[in-house]
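Take a look at the structure below.
First chain written, first letter: the chains are A, B, C and D, and each begins at residue 1.
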Amino acid sequence: MQNFMQDIRKDFPALSQQINEKSLIYFDNAATTHKPKQVIDALTTYYEKFNANPHRGAHYLSIKSTEIYEDARETVRKFIHAKSSKEIIFTKNATESLNILAFSYAMNLVEEGDEIVVSILEHHSNLLPWQQVAKLKGATLKFLYLNKDGGIKDTEIESKITKKTKLVSITHMSNALGNINPIEKITTYAHQYGAKVILDGAQSVPHMTIDVGKLGIDFMVFSGHKMLAPMGIGVLYGKEALLKEMKPFLFGGNMIEYVYEDYASFAELPFKLEAGTQNVEGALGLMTAINYINEIGMEKIQAIEADLTSYALEKLTNLDEVVLYGSKNSKDRGAVISFNIKDVHPHDTASILDSYGVAVRAGHHCAQPLMRYLEIPATTRASFSFYNTKEEIDFFVESLKKVRRWLGYGS
Amino acid sequence: MQNFMQDIRKDFPALSQQINEKSLIYFDNAATTHKPKQVIDALTTYYEKFNANPHRGAHYLSIKSTEIYEDARETVRKFIHAKSSKEIIFTKNATESLNILAFSYAMNLVEEGDEIVVSILEHHSNLLPWQQVAKLKGATLKFLYLNKDGGIKDTEIESKITKKTKLVSITHMSNALGNINPIEKITTYAHQYGAKVILDGAQSVPHMTIDVGKLGIDFMVFSGHKMLAPMGIGVLYGKEALLKEMKPFLFGGNMIEYVYEDYASFAELPFKLEAGTQNVEGALGLMTAINYINEIGMEKIQAIEADLTSYALEKLTNLDEVVLYGSKNSKDRGAVISFNIKDVHPHDTASILDSYGVAVRAGHHCAQPLMRYLEIPATTRASFSFYNTKEEIDFFVESLKKVRRWLGYGS
Amino acid sequence: MDLNSIYSELILEHSQNSHNYRRIDAPTLSHKGHNPSCGDEITLQLKLESEIIKDAAFSGVGCAISKASTSILIDLITDKTKQEALNLVDTFIGMIKREVTNEEELEILEDALAFQNISNLPARVKCAVLAWHTLKKSLE
Amino acid sequence: MDLNSIYSELILEHSQNSHNYRRIDAPTLSHKGHNPSCGDEITLQLKLESEIIKDAAFSGVGCAISKASTSILIDLITDKTKQEALNLVDTFIGMIKREVTNEEELEILEDALAFQNISNLPARVKCAVLAWHTLKKSLE
């Protein structure tokens, strides 16, 4: 394990930096992860050897770019166990994927009086698009609330998802608390009423094996940058029959069949939903990142991250000055820990930790309604990746202990 | 000049490749350009030393990423001579920028019976969004047609832009023919009637000095990948007062102020129009590309490209088997040459040239209505960048001469 | 890439002044195939008499490869049954996709074997298969 | 980065149990300032008597820096004229942006000089200026 970790960390140049004369401890992985040199090198090679506009050219570089782009699509398909590569649409991030679903799918599905169900845990990106649809269509947005543990109870699901529900859009793993939601239960329940289920996989796809078929979901979204790939590339997965019904979201080059002055017909899936020049290098980066993850093995990644999380949870539970949010049971959560230090605003905590080289996030984590629900203005969040270590957690905890003193409290 | 060119070409690793055992001659620059090593290195450094989610974190890497992203915005602002960096919105490509304008601006501006004016030269990306707006609003899409030279005559402008016109969206330089349109005339004329003008600068921003104020336009769009930067980054420029009126296009993280369960207020410009995690490395790549262009100097770039274009035009004019499209006058055009070889379909031409290592494009160039207007199914297109050379043009012309023979014609 | 194997005598012959490039009077089937990304557009006309393709012809625009492929297809299917023609299409598509590689099986393609190496030119595969897909659609 | 210069005695004193953290009866002006990205929300209350700020106080939530900055601001503007207060705000913002660097000019900021180095902590600049911007908006 020791050696394995040393090897792994060598793959990530950013991890061996000094920040403020301290070794960087990067615990902001839920925001974005660092990139292994395999991904960085793949991009460099792409620029040096390939780089052309795919799908449109008869020349060598264009053919290569097309191959790379479509290989990336197939790699994503396998990774999430989708049936067909037509079900994989490349977008710029999870947020765009959700907006496509809101405006090109839900706007045609939801009618006045219908209900859309989300949870109070949602990231703004999985909330604002539904507020828009609800407003424009005269539908109602309903929230699944949490029990004390941060979990969603069966009774909550059963009472909120009803025959009025047309759509459930829910996060798999909360970026703010780390909680993992009971997706299979929700899909089974939603499908009873014929409602469609969208999974926000931004936090789960990077950290657990995903089988869209087993989960029973209709759509899923995620972002490359949270899973070792570059920013600027995201994915929208949808069941082929459903994507087929959808009208295009962006209109322009690449997504057309015939174009007349006053009329145009559109290409088949997946191209119908990919307008303009696509981010080929982003797709290549995502493919390379997935290959990297597969090489380590998702099960190993999950085991390492679960181990780090329970180690950190235990240490933090032992600190009197720390208030923890989210499930106490590390089985119900991913590698995200939200907490506060008594009497200290999370921004001060984050700045002080930063001075020790420890990068954590402070704020509402794009989940203002959740913060309001928990009656806290903000939290401090430490989120781990498989490349983090227990030694880093030890140092982080030691640094945390100094925070109150910096702010003039006895301890 | 000789030495300068040698130095420049060394900056572009992709240019010194062998393709099919021939030296690559890359004449598909209107589709996408290659990237100088300065850009590639900037990305590598970013991944190795920075890389974090901007605008949300109190830690060092996040602060650096924020700085890089906002520096990039300021660099773009200066490059196109916009007044404020609030006028610069980062998007994924020119196509997305145009869709934002269609759905977040034009849909609120255009009413039944109004007219939207485009030209018959438009790229599908600057046509399909307007078809949608026209259809959804019951407005009429009007086309500026061409004279024999491929130019748009004053009388055409004067007869098509009328008091019914609400919006003119026009390409600065045609990607299919190379023609440069008389933008100042169009804006002056459109503004007389209070119509707004959108400039599709996808082909012009990479190749000429742009001053949005002098051009008098209201909005402009372009893509990074056509100007030495990566794919996945584009720009929407708009006058601040106009962008301010616009409703958001994508909804989610980053573009909010306050979020409640059933309601959200939005951030100020430019953030209101940038939802979700942005492509920071793309913005950095664009900034580095602009710095590279500035270092050479846009005037020098223009001079080199004009020289290459007239050299090639002259050579091609002398070939009996070549039919040229677009203006005969190299002053009215950018570094794009569209042509066909008699009796030969452009796809065959492109494949044969490819076997000589010459990368050109064949097809409708995302301008089907133009092809139909010109009554040709497709053209072959050679498009130059300042890093191309006359020797490359010589070789290209020699290879062209062999095309008819490959297809069994005497010469 | 070996251009000679693509722009071969046979293919050039069929791409220029093909005897199949004409119109049939009163065809029983007429189907348009298109390749929007290239602008290729080919109309295939068939005259069927009780399951037998008695006559076939094409018109439209296309590159040398798509025209030759169409013309060779027509030679091949004339006087064949619908079922035989469909079988030829499947074998041809199989050959292009490198799924059918058995030489004996491929033999029935006769002149159409000239396209065996088209997958070395991935950008042109669409041109080679256009007419075959069109035939399949029109017969089904 | 020198944390000592940020979390100094003075700032800590003002951020905890500040004597200005209270409510005024019948304020003449009450203005809410917020920093959505952090969740900071501060209400500034003023009692003006013919252009003189007779009393000022704040309430709300915020980090140590925003609370200290607010409290120090309040000490500074109490018994000053509106014009003097606005001048202090401009000088303070100028200092933070490193546009005003002349020491004599900065002297009027007194305790607020403690924030001179906050720009070394770019993520916290917003916290330090929140109250000052809020005051400016409320007076204008």
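The rule we apply is simple: a residue touches a chain if its C-beta (ideal position, glycine included) is under 8 Å from a C-beta of that chain, and two chains touch if they have at least 3 such contacts.
These numbers were taken from a predicted model, which means no experiment stands behind them.
K.L.:
Please identify each chain that touches chain A as well as chain D.
P.N.:
B
K.L.:
From the C-alpha centres, identify the chain that is farthest from chain A.
P.N.:
In terms of C-alpha centroids, the chain at the greatest distance from chain A is C.
K.L.:
Just the number, please: Cα centre separation of chain A and chain B in whole Å.
P.N.:
32
K.L.:
Once you find the CA centre of chain C and the CA centre of chain D, what distance in Å lies between them?
P.N.:
Inter-chain centre distance comes to 80 Å.
K.L.:
For chain B and chain D, let me know how many angstrom lie between their CA-based centres, rounded off.
P.N.:
So the centre of chain B lies 47 Å away from the centre of chain D.
K.L.:
With chain centres taken as the means of their Cα atoms, state the distance from chain B to chain C in Å.
P.N.:
Spacing between the chain centres: roughly 38 Å.
K.L.:
If a residue has to touch 2 or more other chains to count, which residues of chain B qualify?
P.N.:
If we look for residues of chain B contacting two or more partner chains, we find 20, 56-59, 62, 256, 258, 347, 350-351, 354, 362-363, 368.
K.L.:
Show the residues in chain D shared as contacts by 2 or more other chains, in ascending order.
P.N.:
37, 123-124
K.L.:
Spell out all pairs of chains that touch, sorted by label.
P.N.:
Per the contact definition above, the touching pairs are A-B, A-C, A-D, B-C, B-D.
K.L.:
Help me check something: in the complex, which residues belonging to chain B touch chain D?
P.N.:
Spelled out, the residues of chain B in touch with chain D are 55-59, 62-63, 66-67, 256-258, 267.
K.L.:
Taking the touch rule as given, give the residues of chain A at its contact with chain B in the complex, in rising order.
P.N.:
Those in contact with chain B are residues 13-14, 17, 19-20, 24, 26, 28, 31-32, 34-35, 39-40, 43-44, 47-53, 56-62, 92-96, 98-99, 102, 120, 123-129, 131-132, 134, 141, 143, 223, 225, 230-234, 250-254, 256, 258-264, 275-282, 347, 350-351, 353-354, 358-363, 366, 368-369, 372.
K.L.:
Which of the residues in chain C come into contact with chain B in the complex?
P.N.:
1, 3, 6-7, 9, 12-13, 15-16, 37-41, 61-65, 121, 123-124, 127
K.L.:
So in the complex, which bits of chain D are touching chain B?
P.N.:
34, 36-37, 122-124
K.L.:
How about chain A: which of its residues touch chain D in the complex?
P.N.:
20, 344-348, 350-352, 354-355, 362-364, 368, 371, 377-378, 406-408
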